[in-house]
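Next come two complexes, and both contain subunit A; in the first it sits with subunit B, in the second with subunit C.
And now, the complex of A and B:
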C-alpha cells in the first residue's frame, strides 16, 4: 500500500477527476480475494488448485510476499529488489509478449528456478503439484486473471548452428538496436543510460551485467535468452524487441550475448579467435540501416 | 456576428435536432448536423514558472539535435498571452448514449523527435487506437506506466532507429505517465478519457467537437495544476463557450 501510494502519489491528484482515485489507492482485501480461491492452474497434465496452496503459501512465501500477496511481507524493508506485488499481476519472466499475462508454466518454471540476484529462493524441492497449486494461489491475488487470458507465447524457431558470421552479425544487432545504451558496449551494465534506470515503482534498478558469470533471472538456456529480449521484463526498463529483431537475427544476438559471458562456450571461443571487438557507439549505423 | 442569420440557422438546426431526437428514440445515432461544440481558451494567471533546461549530453545524438535550441521541461507551457498549451478538455458529466460510447476513428500520433515527446500530452478516447512513432536516429524505449488496477496494463517496447510504429489503445480512463528509460528526461502523458475531448494549442485555444445538445460538466486537466470544471449547455448545432484560468503557483 505504502509503495503503491509512493509510486502514484504525484499522479493521484491528476487522476482523481477520472473518479479512479478509489482504484488507485484501493488495496485488495481478504474480502475481495476470497471469491477467487477457486482459481486453477494447468501445467502439463497437472491441475493446480489455489485453495490447496494456502498452507504452503503461509509457510514458504508469506514472509516476503505478504498475506494479501501485495509484496508487503514482514521482510519487505530488508529486501532489494522488493518482493513481487501479485495484486498488480505484472511479471518479469514470461514467454508471452510485453503487457500480457505469463502462462501457468512460466510461473511454475520461475518457482522451480528462483530469481537470481534477489532473495526469491528456488522451490525445486517442492513437488510439481505443490508448485502448480502455488501458481494458482499467486494468480488468485490479481483481478487480471479474472478478466484476461495469458498472452500467446512467442514462437522460437529451431536454434541454428553457431558460426563466426552469426556471432559477428549478432554484434551488429547489439549495435543496431542499441542494447549497449543500458548494458554497455562490453555488456558490463555501464551504458550511458545505466545509472538512471528505475523500475515501474520508481526504485533504482541495475541492468544485467553479462561479464560477471551471473545467471539471468528468467533462465540461462539459449531459448531463455531469446525469450528475454523478445518479450522484455515487464515492470523494469528492459523492453521487448519483438518488433525490431527478426527471428534469425535474434539467434545471432543470443550467440553474441553468450560470447560476452565469461563461461566457457563455443561462442566465446569463436569470438576470441575472431578477435571480436566491442561495438563502437560512435560508429555510423551498420550498413543497410 | 450573432445575427439573424445565426438565429435562422439555429432554428433550422433545432428542427434537425427534433428529427434527430426522433431518430434517437428509434435507436439511431443523432444526425451529426444536430451536434454542437464547446470552445474556449485556457489561460495562466501569473508568471509562468521557470522550466528547467535538460542536459542531454549522455546521448550525443540528442545533444546535437538541441545544439541551438536547448531542451527544457514542458510541465507548464504558456504562450506570450498566457495561453496554456497541452491542457486536455473533456466532458466529465452529462454524456449519454452514442456520444459516450462512440470511439473516434482518427489515430492520434505520439512522436519521439529530437529526444522529446511530440506532443507532450496525447489525449484519446477509451478504446481509440493511437500510434507511437520515432523520427530519431537513436534508440528509445516507450514505456507507459498505468496502474494495472484500472484495467490498463503497462508495456515496454524498444524503438530503435527506423522502428515500425507501435499501435495500441487503452481500456480505461486514466492519466498515464509515459517515459523512456534510455533518456530519463523524456516524460509525457497519455490522457485517456471517455467521450469527446480536445487539447489546447499553443495559444491555449480548444474546440471539443461532436457534442450533442445537452448540459455538461467540462473538465480541464493540466499536469501541474490539476483540474477545473465548469458547467455548460450546448444547444443543437451551436457552440458553447467555457474559458478556464489556472493560477500560477
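And now, the complex of A and C:
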C-alpha cells in the first residue's frame, strides 16, 4: 500500500495542485503590505475601510485606474480623457478650496455621479458602504492623505432670486474674468485659448461647452456650478475665482450660464426677453470695474 | 534522474521528487494565473470595463451590469452613441463551449434481442459519454444612437443550425425619463434570475426547471418564461436601479416566428425593489406574473394540419388560459456569498392538462375541434415550485455554484373523478446542480472559463409503467467568448 502511494505520489501532488489552483490564483498586491491600507473614510455616519474595498476595486476599477491607482490600467492607451492618477491626490470635483484635498463626501459623490464625457460610470447602485470603502481605498494610494487634512468646504450662500439684472450682471462677470477665452463668447467651448488647453500632466483637455446640453462633470445643480467657480477644477486649466469674484457675482454667473444652456429655464426665458447678446471681447470693461 | 529508482512495479518517485513536482507546477500555475481577472466582450471592449464590472461571474449580471442593461446597454456617460467609438469598432462577440460530458438516464425501455431477433424490452439505465460541443452564439448589441439600442443574437444548436434567439430594438429614456423605455422584437423576459445568463451548462442544469415546467401529459408550451418571446415591453427603473418594473405583451407562440399559432396573447409583468443593507450589500425582492391564453384548436385543410400560407405559420383558435406567478429574492451576504430564491405557482386550463395545446411540436396530439368535450374528472393542473441558487464568489475569477429546484403538483389534470386518476405526485421534479467556474484571466477583451458541473434530476412517475426517473450529467469544458 505504502509503495503504491509512493508510486502515485507525484500524480496525487499534481492533482492536488490543479484542484487548488483556482484558490491560489488570487494574487496579493504590494498594497496588501502597505501601511496605508488601514485608511478610513467618514461619510455621514458610515465609516469606510480601505481593506474592505480591495475586491470591489479589483472588480470595478482596476481596468482603468490600475492596480497601483496610478491611472495606468490596461485600458489606459484607449481612454480619453485618461483615468485619474490617485497617487497624485489631485481631484477636480471638490467642495474644498483649490489646492486642498477633497472631503470624503466629495469623493463618494463623484463615485455615485460618475463623470460625463469620460469612461467613469455612475456607481450609484453600489451601497453607501461600498462607496465609503472605495473612497478609503482611493485615498490609500496617495501619501497626501497622511500628511494633509481635507480642506474646509466652502460656504455657499443661499441662492438668490433670478432677475434680469442678475443675468446681465452675470454676463459682465463672464467678460470680466475672461471665461470666454476658453469657453467662447457664446459658451461653445471655442474661445481663442480652447485649442491650447492641457491638464497638469500636459494632456490636451477640452473646455466645457454650455450649449450642447451636457451635464457638467462635477454636477449640474446651481450649487454645483457655484462650487466649480469658487473651488476650480484642480489638475485642469479651470481656476478658482474665489479671490476674484464675490459670492453674489458667482450667483450672477450661474444664472448667465444657465441662460446659455439649451434646456428650457427661467434664465433662458429672461435672456431671450432681454435680447441678451454674447459678450464682446473687445468692448471696454463695464463701468466701475 | 538519480531520484528515480526502478522497481518491479514501475518507476518509484521519492518524496522529494513529489514535493519538487508539486512546487514546480504550483509556481507555473500561479504565474500563469497571475493575470488580471473579465463578459460580453463587445461591451467590455467598448467601455474598457472588465467582465467583472458587470458580471458576478460571466455571464451572470451583478447589480451594476443589471443597471447597464436597464439603461439600454448604456453607461449614461454621454459617450454611449457609436459616434464616439472608433469607426472600426464592431460590437460582435461569439461564444461556444467545447466539452466532455457523461449523461446517465435511468428507467429507459430498451428492446432486447435473442438470437438476433427482437424478443421484447427491458427497463435499464442508459449512459453515454464523450467529447462534444455546445451551440454557437453570435451576440451583437449596443447603441445605434444615444438612447436607441439593439440586440441581435443568431444562435445555433450543436450542429450549426441557426435561429434568431434574440432580435430587438429599444427606445430608451423616453421623455428624458429612465422610467419609460420600450422594447420591440424577440427578447428575454425580465426575469431577475436570467436563464440566458445562467452559470450552468448541462441539459437539465443549464435551464431553470421552474421556467419551463409542463405537467405530465400537458400540452401548454406557451408558458415557458425561460424562452425568449416575441412582443413589446415597457420597462423602467429609478436612477440608481433600486426600483424596477416591466410589462410585456407577447404573442403566445413561444417565440416562434411567422405568426404561428394564431391570435393569442400573453402578458408578463415584473416589479422589484432593492435595499441598501450596508455591509451585507444590495438586497432585492420582487414579484412576477405571466397570464395568457394559447390555442387548443388547430385548423386543418383536407383533413391534414394547415401549415400556413402567405408567410404565416400554422393557425389555431380555441384559446384557453394559463398563469404563472411568484416571488423573487436576491440576497447578498457580504462580498462573497449570495442567494437567489424564486417561487412559482402555476396553473393551466384543464384543456391543456388533457393534452390540447401544442400540436406542432408533437408533444401532444389532441385537437380541440368542434364538439370535443373534456373527459370526466378533468381539472386544471396546478403546481408550486421553488428554486434556491446560492453562489460563493471567491474572487471575480472563481465562483462556486449550487442550485436546488423542486416542483410539486398540487392538482393533477386527471382528478379523483377520472377513469384513471393520476397519482398526486405524477410529474414532480427535484433537481440539484453543483459546479464551479474559473476564469484564469480577466481583461476587457475576451472571456474564458474552465467549467465543471454536475446535475442530478429526479422526476416522479414519468418513466415506463409510472416509474420514477433519475437522470444525471457530469460536464467539463472550456467556455469562451471573444
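Rule of thumb we're sticking to: the second predicted complex is superposed on the first by the 257 of 289 C-alpha atoms of A that agree within 3 Å, B and C clash if a C-alpha of one lies under 4 Å from a C-alpha of the other, contacts with A are read in each partner's own complex, and residues count from 1 in each chain.
Just so it is clear, a contact is a pair of C-beta atoms (placed from the backbone, for glycine too) under 8 Å apart; a residue touches a chain by one contact, two chains touch by 3 or more.
Because the structure is a prediction, the values reported are computed rather than measured.
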Inset, instruction - Examine A:99 and indicate which partner it touches, taking first as subunit B and second as subunit C; both and neither are also allowed. - result: first
Inset, instruction - Once the structures are superposed on A, label A:63 by its partner contacts, choosing first (subunit B), second (subunit C), both or neither. - result: second
Inset, instruction - Tell me which partner A:55 touches in the superposition: subunit B (first), subunit C (second), both or neither. - result: second
Inset, instruction - Based on the superposed arrangement, let me know which partner A:147 touches: subunit B (first), subunit C (second), both, or neither? - result: first
Legend entry - Contacts of A:78 with subunit B and subunit C, given as first, second, both or neither: second
Legend entry - Touching partner for A:248 - first (subunit B), second (subunit C), both, neither: neither
Inset, instruction - For A:127, decide between first (touching subunit B), second (touching subunit C), both and neither. - result: second
Inset, instruction - Please work out whether A:178 is in contact with subunit B alone, subunit C alone, both, or neither, and reply first, second, both or neither. - result: first
Inset, instruction - Once the two structures are superposed, pull the subunit A residues common to the subunit B and subunit C interfaces. - result: 13-14, 16-18, 23-24, 26
Inset, instruction - Sort out for me which residues of subunit C touch subunit A in the complex. - result: 7, 9-15, 17-19, 21-22, 25-26, 29-30, 33-34, 36-37, 47-50, 52-53, 63-64, 67-68, 75-79, 239-242, 274, 276-279, 281-282, 335, 394-398, 436, 438, 440, 443-444
Legend entry - Complex contacts: residues of subunit A adjacent to subunit C: 3, 6-7, 9-10, 12-14, 16-18, 21-27, 46, 52, 55-56, 58-60, 62-64, 67, 74-75, 78-79, 114-130, 214-215
Inset, instruction - Report the residues of subunit A in contact with subunit B in the complex, numbered from low to high. - result: 8, 11, 13-20, 23-24, 26, 87-90, 98-100, 142-144, 147, 176-178, 181-182, 192-193, 196-198, 200, 232, 234-244, 282, 285, 289
Inset, instruction - Provide the residue numbers of subunit B that touch subunit A in the complex, in ascending order. - result: 58-60, 92, 137-139, 141-143, 145, 147-151, 153-164, 166, 172-175, 177, 181-184, 193, 219, 221, 223, 226-227, 229
